[in-house]
Structure formats: C-alpha cells, structure tokens
Amino acid sequence: MQLQTMAAEKLSPAAPPADAAIAIDDVTLRFVTPDGHMMTAIRDFTMTVARGEFACVVGPTGCGKSTTLNLVTGLLRPTTGNVRVMGNPVTEISRDIGFVFQADALFPWRSVIDNVAAGPLYRGTPKAQAYDRARDWIARVGLARFEKHYPHQLSGGMRKRVALAQTFINQPKILLMDEPFSALDMQTRTAMQDELLGLWSELKSSVVFVTHDLEEAVALADKVYVLTAGPGTVKSVYRIDLPRPRVMADIRYDQKFIEIAKVIWNDLREEVQLGQSRGLQTGH
Amino acid sequence: MQLQTMAAEKLSPAAPPADAAIAIDDVTLRFVTPDGHMMTAIRDFTMTVARGEFACVVGPTGCGKSTTLNLVTGLLRPTTGNVRVMGNPVTEISRDIGFVFQADALFPWRSVIDNVAAGPLYRGTPKAQAYDRARDWIARVGLARFEKHYPHQLSGGMRKRVALAQTFINQPKILLMDEPFSALDMQTRTAMQDELLGLWSELKSSVVFVTHDLEEAVALADKVYVLTAGPGTVKSVYRIDLPRPRVMADIRYDQKFIEIAKVIWNDLREEVQLGQSRGLQTGH
Amino acid sequence: GATAASAADKITIIVGGMEKQIYLPAVLTQQLGYFKDEGLDVELVNSRAGVEAENELLAGAVQGVVGFYDHTVDLQSKGKYIQSIVQFSQAPGEVELVSAKHPEIKSPADFKGATLGVTGLGSSTDFLTQYLAVRNGLKPGDYTLLPVGAGNTFIAAVKQDQIQAGMTTEPTIAKLLQTGEAKVLVDMRTPEKTKEALGGDYPAASFYVQSAWIESHKDEAQKLANAFVKTMKYIASHSAEEIADQMPKDYYAGNKDLYVQGLAGGKAMFTPDGRMPADGPETVLKVLSTFSKSLQGKQIDLSKTYTTVFVDAAK
Amino acid sequence: MTAISPASDQAARATSIVAAEARARARLRRRHALVIGLRLAILIVFLALWELGADYGVIDPFFFSSPSGIWEQIWSWVTEGTSQGPLWLQIYVTLEETFLGFAIGAVGGIAAGIVLGRNKLLADVFSIYIKIANSVPRVVLGSVFIIALGLGMASKVALAVVMVFFVVFANAFQGVREADRAMIANAQILGASPYQITATVIIPSAMSWILASLHVSFGFALVGAVVGEFLGAKQGMGLLISTAQGAFNANGVFAAMIILAVMALVVEFIITRFENYVVKWRPAPFNEQGT
Amino acid sequence: MTAISPASDQAARATSIVAAEARARARLRRRHALVIGLRLAILIVFLALWELGADYGVIDPFFFSSPSGIWEQIWSWVTEGTSQGPLWLQIYVTLEETFLGFAIGAVGGIAAGIVLGRNKLLADVFSIYIKIANSVPRVVLGSVFIIALGLGMASKVALAVVMVFFVVFANAFQGVREADRAMIANAQILGASPYQITATVIIPSAMSWILASLHVSFGFALVGAVVGEFLGAKQGMGLLISTAQGAFNANGVFAAMIILAVMALVVEFIITRFENYVVKWRPAPFNEQGT
C-alpha cells in the first residue's frame, strides 16, 4: 500500500525457509476471555528472521507483539500453525534464547550483581569468572555503583538496565527484546543501543526487537515488521538498507533514514488509527 | 548556563510561596544502602508548582524523579526540609492527589472496570454512577472491548491505560504522573496527551509530569525542571510560553517549539553525560 | 465452671470407660432400664481420663462418677470430700501379668531389675504394683515403672519387651492370655485372691458423688443406690453369658467369646449387694499411704469416704 | 499486504482452529481421566496390599485391622447403628462441633492476623503471647476446657478452635504483611479509608495465604473435636473411637477414621470450590494458557 | 543553576542531616522501649489478676493454680528435682524429641510441598491422600505409633512429625504455586535447569510461606512430643504434666506449661533471627523507608 523506496524495500510474506533462525509459520493464537469466549490475539501470523538478522516489530499497543515473542520462547503455544527456532519446533523453553521481558522479571532477593551473574552461574561458569563478567556488564550499563543494591532499591530505568545486563551476559544467539529501552532517557538509550549493536555484530545473533519508537526501529533494524491492530497479523515488512555499522547518535540526521521513517510511519499511522477506532467499539 | 530564549525563560530557584499547590523546600532524602551506608537520593531540592500549573520533570535515569513524586504523595518522608501540598505539610498519604505509578499498581483481582471504578467507589460514589463513569473513562482510553478482562490478560500498554483511567476518573486537583506514556505507541500517546490536557484545563489541576521524552515535556508543560544526575537536585527550570490550547499532533512542527526543545536538550545532555561517567565509577 | 449445676431431674454420671468390664454395672443398669424404673433421667458420659471425671465432679458439672474408690481417699488429702455410695467391686479386677518371654519371674519378688507396666504414674495400678513389690521384700528403685496406658499400647509394650510384667484389666488380660504372650502372676479379680495378694479386700470400682451433694439430694442418691443395687443383684444371679447379652455389641466387637470368658473370670469381683467390704477402706489407705506423696503426713478420715446408708436402705 | 485468502481458505482455517480447540479440550478430558485413574489405582493397590498383608499375617489385623474388617464394621454401623445410637448422629455431632470450632477459629485467626498484620505496635506487643499460647499442649488445654466449660459441646468446640486459630492466624498475619506495598499505596491515593484498604486490598492479597491455612486447618478442627470427645462425651466419632479402642476393636477404630477422612474430603471439596471461585482472577502458569 | 552555597552553609547542612538521622535513631530506640514496656505491663497485669483471683476465690487454684503456686513448684523442681529426675533432663528429653520431630516434619513437608507444587500431576494424584492423612486424629495416631514404634523416643518423634508435616506442607505447596511465573520463565530462559529453578527461584519465593509455617509448627512439634509422652514415657515434660494431673497438682501442670512456653519462645527467637537473615532483601513498607 505504500510506495517502496530503495532503502526500505517492502517484502511480501512467504513461507519461511527451513534454515531461518526464527520461523513463525501461519500461527493463530487464541485466549479464553473472562466471559468464556475465545479471543484471537494473533492471526495467520508469518514471520522469518534469518541467522544474524536484526528484526524490529512495531505496531499499535495490544496488537500482539509480546505474544509473538512469547511464542518464540515457548512460553505460549500456538493454537494452530508452527513456530521453529533454528529449524527445530519449539517444544519447551529454550536456553539459547535471550529475552528481555516487557515487565520486570528480576529476582528481588538477589542483588544487582547476583542477578546479572545468574545466567553464567546457571550455565555452569565458575563463580569467580561469572562474577567478573557480571561486574563488567554492570559497568557497561552504567551501574557500577549499585552492584550490591537489591532491585527494589533501584529506579525503574536502573532495573531495566540490570535486566539488559542479565540477558546480554549470556551472549545469546537469539535475542528477543520487548520494549527494552522505553524507560531510559535518550542519552542512556543511545548508549544501550550501541551496546546492543556491538553485541549483535560480535555474536552474529538474530534479534527480534519490539519498540514503539519507530525511529529506533529503523535505526537498528535490517527488517521492520509492521503489525495490524489486534488481532495482530503482519501488515507489511520493510527491509532497511542503511549501511552498517550505524552510529546511533548520528543516524537520525541521515537523509535516507528520515525518508524511510516517514514511509513506514505513514503505513503504521493508518493501522494505529484503525486500532483506536476499533478499541472504542464494545464487544469483540 | 544556557542562553534563554524568550519562549523558554530560565528561572532562578527561590523559596516557594505559601500558596503554591506543591512546595518542596530544600529537601534532602537519604536511603540506607545494602552495605549500611547512607545514600543521598535527592539533595537540597527545591521545587514549586503553582495552582493550575503544569510542570514537567526531566533528568537522567536514577536521578530521583520518582523519589520526588513519592515525597509529594507522602509515601516517603524527607530526611531534612519540608514538603507542602496546598499549603499544608505532608503528614500522610493525601486523597486529593492522583498518582500514576511508574510501575504497575493495578489490583490484579479486579477486572478493568472494577479497577477504574475503584476511586469513585472508595470516595462513596453510588455504584451505578461509579460504573457509568468508569465505562466512560475506559472508552476514552480505548479499552471498551476489555472491560471485563483482568490485568494479567492485558498487554503492557493496555495496563498503563487502565492506570491512567483509574487516576483520571478521580479528577484530582493535584496530578502526579511518572512516565505514564512510555509504553504507548506514538498515536495512542498523542491521544492520551490530549485527554490529559483536556482534563487539566477543565479541572485547573496542578500537574507534575515525569518523562524521558523532552519533546513531550516541552509540548505539555508550563515549566520544565531539569534535574542533575543523582544525587538529584534542580539544575535549571524553564518556563515554556507556547500558546494554549496546544494540539499535540501539530505542536512538534512549531518553530518555537523546536527552538525551546533544542535549548533544554543541550542543558540536559550535559547532565546525562555527567551521570553516565559517574555511574561508571565504583563507590559512592 | 464451678457452679453446682444439679438440674432437678437430669443426672449426669461420668464413667471412666463405659466399655470396661470393671465399670460394667453402670451401662448394665442403663441397659436393664433400672434408672427409668426409679424415675431417674440419667445420662452416662464417657471419659477415660480419671482426673477429668473427678475434676468435673468437683466443679459441679456432673453429679456422679463411676471410678476407683481410691480417688476418694486421695482427694480427701487435698481437702475435697467425695463419697462412694455404691461399691461395685471388692477386688481391683487388676491382674499382674508377666510376659511369656520372662519365665524367670515367678512372683513379685523377682521384679528386681525389671520394667513394670502401669497405666499411668500415680494411678491405682502404680500404687498396687509398688505395693506388691514392697510386700515381697523389694525396695522402690529395685524396679522401674513405665506408664504404658491400657489396651493396645499395653499389649504392644509386652510384645516389644519394653515391659517384663505389668498390671492391667479386662479385656487386655483375656487378649494376652489367649495369644499366650503373657501369664497371670498375681490375680486380683476375685476377693479371695486379692486378700491373698494384698492382705485384705480392695474396694475398687464404685459410684461416688460429692459429699455436699448428698446433703441436698438425699432422694436422688437413694434412687441411684436402688438402681445400682438392683444391678449388682442381677449380676450375682445371672451368668456371664446372660450379662454379656445385655451389653451393646460394640463392647465385645466381634469376639463375644473372649468377652464372656473375661467376664466369667472377673464376675466374682463384684459385690453382691453394693455394700463396702468392711476392711476394704483400710487396705486402700495402707496401699496408698505407702507410696502416694500427697497422703504422707495427712490424717484421713475413712468414714467420710464412703457411706452404706443408701445401700442399706435400698429395696 | 496480507495475502487476502479466498473464502474457502478462510472457512478451512476456521475449521482448523475449531479442530485445534477440540483437541485441546480432549487433552484436558484425558488428563482428568488419568488423574482419577491414578488415584483409584493407588487406592486399590494400597487396600489390596493391606488386605493381603492382613490375610498372610504380615500385618496384624488385631492392631491394624484390614479393609474387609473395616468395611464390615462400617456396614454394621450403618445398618444396625452403634452402641451410642445411629451412625449419622455421631457424624452429625462431630461435624457440628468441628464446623463451629472451625468457623470460630478461622474467623478469629483471620481477624487477629489482619489486626496484628496491619498494626505493627500491636503485633510487636501481642505476638509473643500468641506464640506462648501456641506452645500449650492441646491435650492439657482439653482438660482445662472441660473444667471451665463442662463436658458439653462447648469444650470440644473450644478445642477445635485452638487447633485452628494458630495456623490461620500465622498465615493471615504473614499474608497481610506480604501485601504489595505499591498496591496499598495506590488504593490509599485513590481515596480508600484504612477499612477499605483492608477489605479491598489486604484481604484479597492475603486470600491465598488464608485459603492455604483453611485447607490444612479443617483437618485440625476435626482432630480437635475428636480429641475433645475422647476426653469425655456422650456422642460423637471420638467416643466411637475411644470405645472401639477400649474394646480392642481395631476395625472400629479404623472405620471411624475412614469416616472422618470422608468428612474431611467433603469439606475439602467445598473449600476448593470456594477457592476456585475466589481466585478466578489468577493467571494460569505459562504453557497452561491459550489452548 | 544551583546556588553554590558557601562552605559554612554546607557544613551546617551536613550537621542538620546528621541531627535528623540521630533523631530517627532515637525514635527507633524509644519505640523498642515502648514495646518491651507494654509487653511487661500486660504480663504483670495478667499475673496480678490471676494471683488476686486465686486469693479471693474467683479462680479456684485447685483447678487453675496461681502464679505464686506455679513459681513455688518451678523452684522446687529446680532445686530438688522432679519425681522423675532433674528438671533439665525432662526439658532435654522433650526438646530432643521436639527438635527431631520438627526437623523431620519440616524437611519432609518442605520437600513434599516443593515436589507436589512443581508437578501438577503428582499434586492432583497425591494431595487427596495427604488431606486424608491430615484428618486422622493425632491421639489415635499416637497409639498406632506406640504399637508400631514402641514406647521409646521414636513414637514421640513420629507424633511431632505428623503435627508439623501438614502445616509445613500446605504452606510450602502453596508458596511454590505462588512463585511468580515471569520470574520462573526468566530463570528458565537464563539457562536454569529444573533443579536450579527450584533452588534459586522457587525456594526463595516460597521462603516467606515456609517460614510462616515454621513459626507456628514449632509449637505444634512441642505439642506432639508432649502428647506422645502423655501416652507413655519414662522421661519428659509430658510425663511431668501427666503425673501432676494424676495427682491433682494444678501447680505442676501449669508450671510445666510455663516451661514449655519458655522453650517455645527461645526457639521462636532463633527462627526469627534466621528469618531476618533470609529475607533481608525485602523492601520495608513505605514510610518506614528512608530515615
């Protein structure tokens, strides 16, 4: 429906190839609502993330972005359709995945450093080494002074950064992030984006990144998925051809960037408006 | 330290006048850290919000914004200094205040409509009327289809909107909001901002609004407080003289707006960078 | 609590174990309808803990207790006056059993070094056991007493050799004899054998009330005595079999033969007319004062522990 | 850019969702059947081993009874009544004492837990006395109650109360203290009075704590009532057990216990029903969600 | 644009903060003194009323003893020993049984609670049997244990175990089920094995549940041990009570209960210490925060 600029190539959805890192194939997921009916959260959903690819997902609130990530982790099972990770059907919660939850999921009884060291310790890294790496990551997210604090003694943005360090330290091959930077101020956010891109290019991970900030999506991604208002399905997919490496502080002023953002923005706005008008109706 | 444009008049802090809606006078607040030391969260903090004034607070993450709001509600007590609301010292948690928490504080055992109706019911509004008003507010935040859902059945952004409706329905004379729109997509956010401005001008409330989005702050506020990196104190205060009523969808393209935002942005950036370099140091 | 709640028409009597053969006259009277015949409305309450029964009686919540006579003596030493008005038995009905694993114990004189089972410390079995030992020339400390309760726990203690000998009543006696796990060492189920063992009659199961109650309820006391005496006569004139037939089936639970057999062996302990045997109270005092700390140095007036007035007047 | 699927495809999709959901329901039914099956299997194996053990002398039925003996006993009680009167009367008497004791103990425990949980000073001052009271052996208390309250229903009820009270109190107290502080603050700011906070935030938060304690404490109330009957009674299951014990009737003892267990299960079922009703807002664990 | 305050002002400010913090500490000390004072006041008033009641015949000391009588009894036990030997030996015997029973019951309850809480199928199948077991009157179990385990320590320990087990189980089970599902999911994704999840997420989450049950169940273990001694023993506080009861010695009964209460309080103190250590990560309620 949108014109396709060279930089933001609009793709047509196709059955996912077998070797994709993440392949969601024609998935529908329904929840039981409080009045006993079924509610479709996502519908006929198809999405592919190749190995080493950075995919961003944008869409109106409540359209099923978090649900999609939960499908990939195995926390939710599709009603119909298949989800594959690294070619294997998702049957249980995978250890190869890194997942930054939308809400807080830190362990309140562990201090910051114990929270961050949890992953390596679970995976059998020797204690001293795990704590060294944890200390390193805590410094990278700018919390060196707060190593010994417990989560409730941190501010919202600090907690989010602990969660980021906790996930990044595991160097996951597949990284799912649900609005990870929304509680951060612009400057800290940019620093975190740089960390993320650094980690990504170093590990050649596959990333799915959910955000409401379209500019962030365009700045980071190889591919942007625009979802329709709930029940969510893929409205359009854009390939972002901005050159890498990208420097977050500067890319926003890139002419090509502005152009791409505008195209996707128009596409998205249409959808958001639709979602809103629907939200105002009563009934399902 | 910044040049002052006409639109963004930089004010010098002064002892708060007696009739201010909110007056924080030279407050210091210290927490006990896990290793038994004291940590200063905010220091020598002075802030005044006149009746009917809309104040925004921006600052690097962890600088004490939420702490400041907690002082106003009475959830935290200052170590030294005074906090007054409507001229009276804060001794207990006030009922005249509306507070949108940074994290979720919905009642998980109540459906959306029961959550939103909670305030009026607590305040003795007859049941039918309370529910009518709740239904109205739920529709205004675009959740009419989800009245009967429980919080865990909603997406992050939906939950935040329930919290907004829950607070707005009480028509508070003093409204404190801690990053209320950060989980919303741009379009929904704009709609919510309009709702907020409508309510504010209708009730002549006094508002303190914490955000990481400087543009949002400038677009909404009469006055923007820029805080220093923790221990937080007021770095500068700007008066925003953009004409009212403001239409959120358009104001971002206003030339004056862009100019003001740039000035404050430079001021803020300096502080954020300082905060980051400090965060990297260990020790207090 | 401590109010004298003597409802005019309703009389509550606590029985220290309704299914026990030594207290059989209580339930039998009820079963035979003798209370009703006297125009009494009697309610029997079960309480296996003797102390509970006495406390209730003293607190005035019940009018009478069916229990061991020796409590009247013991309580007098504590300044509480209760009296036996009908005496059911003139022998304790207890038997000192010796485990089949210990044939070397042939008389209480061989108790040296043994652990002896009693139902509880300070209970009648405690005093009787010690008395038997001392009468046979032992000193306290030569043997150990172990409270094992009655019934199953007693049998288990014998089986597990935790006690080498012990004192208990029917139907525990019958059960252990039947399985051959124990033999009778000292039999105190008949007046003759009791005299032999203790040197006199040993009045045990009795019906007693507060002395003060008698004063104000002579009429009721007399009617109760009438009913019980009738029952004692019934027991004396009927066979164990016939008596057993009157009892609720639950009391012999599937093994009536055993019940009858026990009753036949123990029937002789019951007094024929509910009267206190003449030398009985002395024997009891003798046994108690040897061992019970609370009796030491106290003057007991035995005439205030029982009365035969009502039994004598019973028709 | 979604491929607009032709109508027939749409229909096929709807069918496949219906089929998937039917499969999920069938899975649930199968699981339910499995649970029931396993429960029965365990019961049967247990009873069979017991019966065989009794038959072959491994277990002495004189002490430990046997399933067939128990069954005969129950049957005879049902058809012929017990020595104390009809069986249902015994059950009724014990149930009445238990329910009263349970209700008083639970309400008292919840009330005390909430009051002390909400008021730190009261908690600091009084909790030590509650702890002392909890260390008093119930059997001794039983005698004290009988002296103070007589041999009627009151003393059994009191015994059931003290069995229930402490468990419920401990949980209600801790449940109140665990209530989320942000949620309490929110209610306060929304305008709730202390009483409203207790009713609409504290109690719902503490509900799963309270319910957990109710589950275990109904059994305790039953035990309290039975022990009370043991110490002295005219009627009731406790007296039935006591008589059976005195008469060496192991069948009777175990039969009475089985009847008590059935009573407990019936009430347990009711509590569970209530629980499901009260906590229907709860999220299912991940993976049990969706269909 | 903060006003740069001159050095002297800075110093004044620092002093005022120190002063404010000193005031806060003083407030805490005063509160502590208040609590202790109130506790003592209650104790004294209670004892005084009891003593006066006994003196003036409102309370019959034959049944309910009196503080002075209790004190004399304890003193005579301490100086002259009890009829069963020195007092400390009775305490030691009962404490040993109680601790063993408490430890076994608590560990068993926690283990069973965790296993069943983590495994829905096992829970569905077995929880019904646990409920049945919980309805068995402990006094009856007492005789069964004596028959099965003899009159030694084992039967008392077993009785203490069954008093403790169900309370701890019920709470551990529910505590496990209440563990935050997002946190479990997070641990799983971070690479935790099921065992690690149990050790690092489930148990810490359930800790306040388990601790709440331990508080109440130590008292129960004590009760179990004492009841066991009641049914048959050579030594122990239960025997002391039972002997005193048999001799109509109310002073002895109450004195023994006071000793039991002191034992319970000492252990309670230790559990509270442990609790404070374990849950030191917990946020203080709002308003008790900061200084």
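Every chain is named by a letter (A, B, C, D and E) in the order it is written, and numbering of its residues begins at 1.
We take it that a contact is a pair of C-beta atoms (placed from the backbone, for glycine too) under 8 Å apart; a residue touches a chain by one contact, two chains touch by 3 or more.
It should be emphasised that the depicted structure is a prediction, and the values quoted were computed from it without experimental measurement.
The chains in contact with chain B and with chain C alike are D, E. The minimum number of touch steps linking chain A to chain C comes to 2. Of all residue numbers used at the contact between chain D and chain E, over half are used by both chains, marking a mostly same-residue interface. Inter-chain spacing, taken between the CA centroids of chain A and chain B, is 27 Å. Chain geometry summary: the mean Cα position of chain D and that of chain E are 22 Å apart.
Distance from the chain C centre to the chain D centre is 41 Å, each centre being the mean of its Cα atoms. Taking the mean of the C-alpha atoms as each chain's centre, chain A and chain D sit 45 Å apart.
Residue positions 49, 51, 55, 59, 151-152, 155-156 of chain C each touch two or more of the other chains. Shown for chain D are the residues that touch two or more other chains, namely 63, 143, 147, 185, 230, 245, 283, 286. Multi-chain contact residues, meaning those touching two or more other chains, occur in chain A at positions 31, 75, 103-104, 111, 150, 153. The list of touching chain pairs reads A-B, A-D, A-E, B-D, B-E, C-D, C-E, D-E. Per the touch definition, chain D reaches chain B in the complex via residues 180, 182-183, 185-193, 196, 200-201, 204, 207, 279, 281-283. Considering their complex, residues 31, 33-35, 58-62, 65-66, 102-104, 111, 139, 142-145, 147-150, 153-158, 161, 178-179, 182-189, 191, 212, 214, 268-269, 272-273, 275-276, 278-284 of chain B touch chain A. For chain B in complex with chain E, the residues that touch the partner chain are 1, 10, 12-13, 28-32, 38, 44, 70, 74-80, 228, 233-237. On the chain C side of its complex with chain D, the touching residues are 1, 5, 12, 14, 17-20, 43-49, 51-53, 55-56, 59, 61-62, 150-152, 155-156, 171-172, 175, 248-255. Across the interface of their complex, chain E is touched by residues 34-35, 38-39, 42, 63-64, 121, 124-126, 128-129, 131-132, 134-140, 143-144, 147, 166-167, 169-171, 173-174, 178, 181, 184-185, 208-209, 211-213, 215-216, 219-220, 222-223, 226-227, 230, 238, 241, 245, 253, 257, 260-261, 263-265, 268, 283, 285-286 of chain D.
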